[in-house]
Amino acid sequence: MSVSLTYAYYPGCSSTGTSIEYDMSSRAICAALDITLTDVPNWSCCGSTPAHTVDHTLSSALSARNLCQVASMGLTAAVTPCPSCLSNLKTAQHRMKNDSFREKVSKLLDKPADITVETKSVLQILVEDYGIEKIKAKVKKPLTGLTVAAYYGCIMNRPAEIMNFDDREHPMAMDNIMTALGATVVPFPLKVECCGASFGIPRKDVVMRLSGKLLDTAKEMGAMALVTACPLCQMNLDMRQEQINSANGSKHHMPIFYFTQLMGLAFGLTEKELGIDKLCVNPRTVIDALGMEGNSKEKSQ
Amino acid sequence: MNVINLTSSCNSDFVRQVEEESGQQLSLCYQCGKCTAGCPYTTEYDIPVSQIMRLTQAGQKELVLKSKSLWLCATCESCTARCPNKIDVARIMDVLRHMARREGYGGVKTVKTFWDSFLHSVQKNGRVFEVGLLANYISHTGRFWTDMGLGPKVLPKGKIHFKPSAMQGKEEVSKIFRRYTEESSK
Amino acid sequence: MPVLKGKELRIVGFLCNWCSYGGADTAGVGRFNQPTDLRIIRVPCSGRIDPLFIMKTLMNGADGVLVSGCHPRDCHYAEGNFYARRRLEVLHRFLPILGFEPGRFEYTWVSASEGQRWQQVVTRFTEQIHKLGPAPKIAGPEASATLRQMEAVL
Amino acid sequence: MKIGVFVCHCGSNIEGTVDTAAVAAAAREFPGVAFATDTMYTCSEPGQEEIVNAIKEHQLDGVVVASCTPRMHEQTFRRTVERAGLNRYLFEMANIREHVSWIGKDREANTNKATDLVRMAASKLLHNRPLLSKQFDINKRVLIIGGGVAGIQAALDCAEGGLEVVLVEKTTTIGGKMAKLDKTFPTVDCSCCILGPRMVDVAQHPNITLYAYSEIEEVSGYVGNFDVKVKKKATYVDWDKCTGCGICMTKCPSKKATDYFNEGIGKTTAINIPFPQAIPKKAKIDADFCMKLQKGKCGICAKVCPSGCIDFTQQDEFVTEKVGAIVAATGFDLFDWTVYGEYGGGRYPDVITSLQYERMLSASGPTGGHIKRPSDGKEPKNVVFIQCVGSRDKSVGRPYCTGFCCMYTAKQAILTKDHLPESQTYVFYMDIRATGKNYDEFTRRAMEEYNAKYIRGRVSMIYPKGDSLLVRGADTLMGTQVEVDADLVVLAVGAEAAAGAAGLAEKLRISYDSYGFYMEGHPKLKPVETNTAGVYLAGSCQGPKDIPSSVAQGSAAASKVLGLFSKDKLASDPQVSVVDIKRCIGCGKCMKTCPFGAIKEIDFRGMKKAEVIETVCQGCGICTSTCPQGAAQLQHFTDNQILSEVNALCQF
Amino acid sequence: MKYQQELKDSIRKALPGLDVVIAWSAGYDPLHATPHFIRREEDIDRLEIGPFSVHNLATYLPGLRGKKVGIVVKGCDSRSVIELLQENLINREDVTIFGFPCTGVVDQTKIRKALGHTGKVDFCQIASQTVVIGAGGEEHKLRLSKVLADKCFSCQYPNALISDHFVGEKISPSAQTEGGDDLEAFENMPLPERFAFWQKEMDRCIRCYACRNACPMCVCRDHCLAESRDPHWLSQEDSVRDKWMFQLIHAYHLAGRCTECGECQRACPMDIPLLLLKKKMNKEIKELFQYEAGVDPEATPPLLSFKMEEENIKEREW
């Protein structure tokens, strides 16, 4: 009955480097769910935070170039795993509703900026277009026994007028997916608190403080692992976890998964195709404990 | 503390300009402090965001534009999301940064250099080239120790490439930057 | 009539006493600046507004006519604006057959508390009429020359 | 007709942007105008005298005053011209203040516009005719809707004044919000102790008929003669027999019913009397939780009831009451604060509303007056109060100030210290609004004597941290972010219009603002009147109010009703429709469209004709715009009068 | 006409119980019929029905109120009767309706245009689709479809919708449902041209009120706003403004009541296309309220009723 879902796919710069496993696992689960992702040809950087701190027209132009690329594919819906890219693409679209702003952007592009393309995150298409129930039906190896905290980051849902997705203070999209996969989700009060974002390099101390608080709270709530949807958040929490420990005197060893990786595991995909080995904090013990409870139950029934 | 003479020191052109560029009405702010209350970066600021708003309302251009706070805002949107008067505070911070840049305020050097390096990387490669970005940043700040400790951890993961990814059409991106420079120098 | 030449156009408003006239008062009390073109005729209820008044006003050379009543369901007389809505809508659709731009006549609902909304309505409508410019004027019996010019157009 | 025109300066209100002398000069050229002048304050005594004198001196038979809105002073000037011997309807007003001088600064355009408005008025006046009122009988009973403190006050005052009162209350007991309060500010006296006796007075007053658990279904008629249909909702208990003994409550096995009276702090039984002092003290079954009504099994209450008053088959009942005046005193409801996700959106049990806290403080409340955390029943040490939750917040559509939260929060801070001497209270506020008598002193006492820590700033986030809640806010005076470890958080939730306020307004044909609060007749001079004759307002239905203001309004509304009923007959408004019998062809279109059934068919020499019943006609004029022959003409707004205004404005 | 004799018989039978029966008879020349008031039996013989029975006789009914009246109606005329019944302007029990299947009536203006000035008309024969007219010694052959009234092409009600006696076989409505595209064509004109058009047309109006007098729904009669001083809507000046305003009053007073019988335009000695205004009004009313006048005597016309939520009225966000 359902028409297969097709999207233009905008990976974002970090997918070629530090968040390669997010990209791998996103592609893998979409394939498993018969969602077609076609790469945006010759996509370029959205400009991220640095661009909009310099100028809004420049920032929008960098995003708009990619929107034009999508339009040239004949597609009207684009998807990206990265909330930062999404935020830039959506903000550009929002601002370009103003004709005079759009003209300025078009001038930088040297062609008319497109305003027809709809953009969403991978998370958003999974819950809004595909559906939790159908995801649930695809689960082969439930994540029973896994207790996670879902961390959305600050710009996945904010500002609500632009992002137009889930609740701005208390999003549930990832929580619901995790529950559907069979995991236990702890109530995590800092779902939308900032992790320190791109200050990892210029002001590491800030990241140590903010991301440290996230890890502390997740641990306090009883989470075995954190699950994220943002490359920057994941990098701060995962790659810098040791730095955090030494800065704060903490002893965290908390795996930081992309939600797509956990979905893949539950769908029975291999760790290799999900890039599990790319994680810095070794998730071995957590993964090995997966499904133990569930599997034994299945056997006893 | 200085005495501020409100009659003589209020730069109303500055107020008007901020309103125009941000599309926000500054008089809507009634100083409830909710932005400061939720700001994750307020500990790093020299002036909390609610006071940036107040000073901007009062036309205190110099005080505002030289503030370090502008450079330490990560646009996490919690101020915007929670403002009872629906002011897009984050956007105002952005606009103030633009103005600070234009007026030649140095800001926080590490942050500014990082952002500049980032954009330089984009301008050159079309996409961000992480190693290149880092090298550029280090060479501009002299902070050689930056994230060196991560090397042994990350390198074996195959996440770090030492060449920028090959992208066709990267000159289109650099043209955008060129046109931007031309337009803004007009 | 003393329309300020080049500045104002002749815009006539028919407002119900209970809601919209009150809304216009509220706008006044709030000192909400408005264009000066509009002249308001107070009637008890939008249901009192015979569409023929509007036609007459246009025939007499008005450049725009604005009608405003209580929001549906809020009529002081319970049903007046429901009748008005039907009659005014019919009129609105009918006017173009006569050669009047549909935008010369609008009807809307403004409550007594909506001073700001009244300001917006007046401002928008006045702008709309200014955009349309002066309405075509019917030639009097004395102006057969004008009539011949029009014939030439046809 | 000889018309006199008076153009008012209104001090500088009009003169500031209108050249009134020029308007008067122009007016002298208008047809019929025999005299025109500008005056400083036309509505003042000398101003009015000037009109009277001019009428006599110049033998004027019509007057135009160009000044403020007719909604302000039309009545004033009608009386003025009447004093000079003219019929009050030989008077017209031009609104050159609200519609001219106050909305633009262009003096030339304003003067020109004012001249136009005077021309219209004079031109209409030429078609005015003297109109005379008729007298009609009135029903000296009053309906009061809402049994909160404002409604109770209005009911008692009216009843004491000798009027028959019908009091309709939506819930099963009167008392309203005040009955739920523990103490009142700034005197900290027991709310129930001062309200209770008044409630009993209502129950015992021979002039008061109380319909509790009832709602207004339909209102028809007009001032002096309203017909009101009241729906008595099914309680499944025969209240004529119920003695309020409460045995049913002790035996009812369904103990998880929502306790509305206690704001959901704790549960109650499916059959219940909301609180011991309830008036009427009668039981009601909550059908949603009653096992008998839900599943057909149980019926224990029927078995134990000593008076045999349980009736599971009871249906809603309708009664019709005839009254001459109506007072709406429907109060307010609390803003649904769960839209604030940053405050937990309702997920944290230890974040409660101020009214819930009030129930907790009350000795007759679910905790017996002990402050306990809903989560674990522990006594809190740090209690945080957050002000302006759903007040002064555009982002949730509530930009207005509720006005009384500052005061009750101070009271609650004081009571907290009284209950728990070891506790520490924190109050996050934006501004302290304490403008009543002894109010500011009271908030100062909370700080000075009870050591409440007032922090100027809003709270951005509340989240659980271990056993307690972390409240993160700002102290804008210190200019920092601050955090408080709270054991209990109390939200000063703002007031909004009562649920169903708009629906009732439509039935009463009164207006309400964009938040659902009822519109008073005039913001200054008619605070308890509405624009619908015979309908008055009391209490928070008009806007959030504290107890003294609500009581004052209850009394004010009662005095308005008593004043209205001090005459045996009312004069009808002669601005009604009249059918010209010669023009009427008896097609009946006017009868079809009249919303009031005010037009009847008569036989005139064997021909069908329409005739208006003067006292029923409300003067809307729908018939006039319906009649194709122009036979039905609304007096004072006839076709000719309106056409003369059109012609004055648009002469090609 | 095929059923003429049958109709005469029917009237003959009913006449004793009636004060008068209104029908048509031959007019002043073979191209014209005239309203015919049958009071005595011998009047019946002069009755003629056919393509010249153009007049809508319902116009006479309100004036004869209180009398027992018989009336012969075409399908379109019957709708006027229904409308009058609906508005309680005539009593059903006083009216005896004779219906017949109508195959269309001629438009005199079209004949006049086709023939030009002919002088005396000697004869007129209509055979199947051809009209042969003898005038001034010449014979003119016209196709019937060229001279039939516009409204007949799209006639949906050829048989009386209401009748006490119906003669002949009912015929089916025209396959063409949308009436004359003159409205559509007119609505494609630019607004200034429309304005100029009406000015020109109204300038020709001689203010004779034939349009009003022929209209079966103009029931105000002596109390028409056109000649009243109280209310005083119109001056007696011969101005385009007043003449045009009168047509607007007429059109608006017919809103939801007009059956498009076309009598106003037929009666106009200046051939002003007055029906256009009424058609426009009807079109909008039909679109807004799915209402058509003169079909159901029990219906309430749309402007005398309302719905709390109107499906088709989009109150513009003004």
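The first chain written gets the first letter, and so on, giving A, B, C, D and E; residue counts start at 1 in each chain.
What we mean here is this: a contact is a pair of C-beta atoms (placed from the backbone, for glycine too) under 8 Å apart; a residue touches a chain by one contact, two chains touch by 3 or more.
These figures come from a predicted structure and were not determined experimentally.
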| item | value |
| --- | --- |
| Chain A to chain B, fewest steps along touching chains | 1 |
| Mutual neighbours - chains that touch chain C and chain E alike | D |
| Each chain counted as touching chain A and chain E at once | D |
| Chain at maximum distance from chain D, centres defined as averaged CA atoms | E |
| Farthest-lying chain, centroid of Cα atoms versus that of chain B | E |
| Comparison of D-E and C-D by number of C-beta pairs in contact, larger one | C-D |
| Centroid distance [mean C-alpha coordinates] between chain D and chain C, Å | 32 |
| Chain centre separation (chain B, chain E; CA means) in Å | 78 |
| Distance between the centres, which are taken as Cα means, of chain D and chain B, whole angstrom | 50 |
| Chain B residues counted as touching two or more neighbouring chains | 43, 78 |
| Set of chain E residues in contact with two or more other chains | 233, 241, 303 |
| Touching two or more other chains - residues of chain D | 342, 593, 626, 639, 643, 652 |
| Which pairs of chains touch, using the document's own definition | A-B, A-D, B-D, C-D, C-E, D-E |
| Of chain E, residues touching chain D in the complex | 66, 87-89, 219-221, 223-225, 228, 230-233, 241, 253, 300, 303-305 |
| Complex contacts: residues of chain D adjacent to chain B | 342, 388, 392-396, 430, 456-461, 472-476, 479-482 |
| Residue ranges of chain D in contact with chain C within the complex | 69-71, 95, 97-100, 102-106, 108-110, 112-113, 115-117, 120, 505-506, 509, 511-514, 519, 531-532, 575, 593, 595-596, 618-622, 624-626, 634, 637, 639, 642-643, 645-647, 649-652 |
| Parts of chain C lying in touch with chain D, wherever the complex brings them together | 1-2, 4, 7-8, 10, 12, 17-19, 21-22, 24-25, 27-29, 31-36, 39-45, 47-51, 53, 56-57, 60-62, 70, 73-80, 83, 87, 111-114, 119, 137-138, 140 |
| Residue ranges of chain A touching chain D (in the complex, touch as defined) | 167-170, 187, 189-190, 217, 220 |
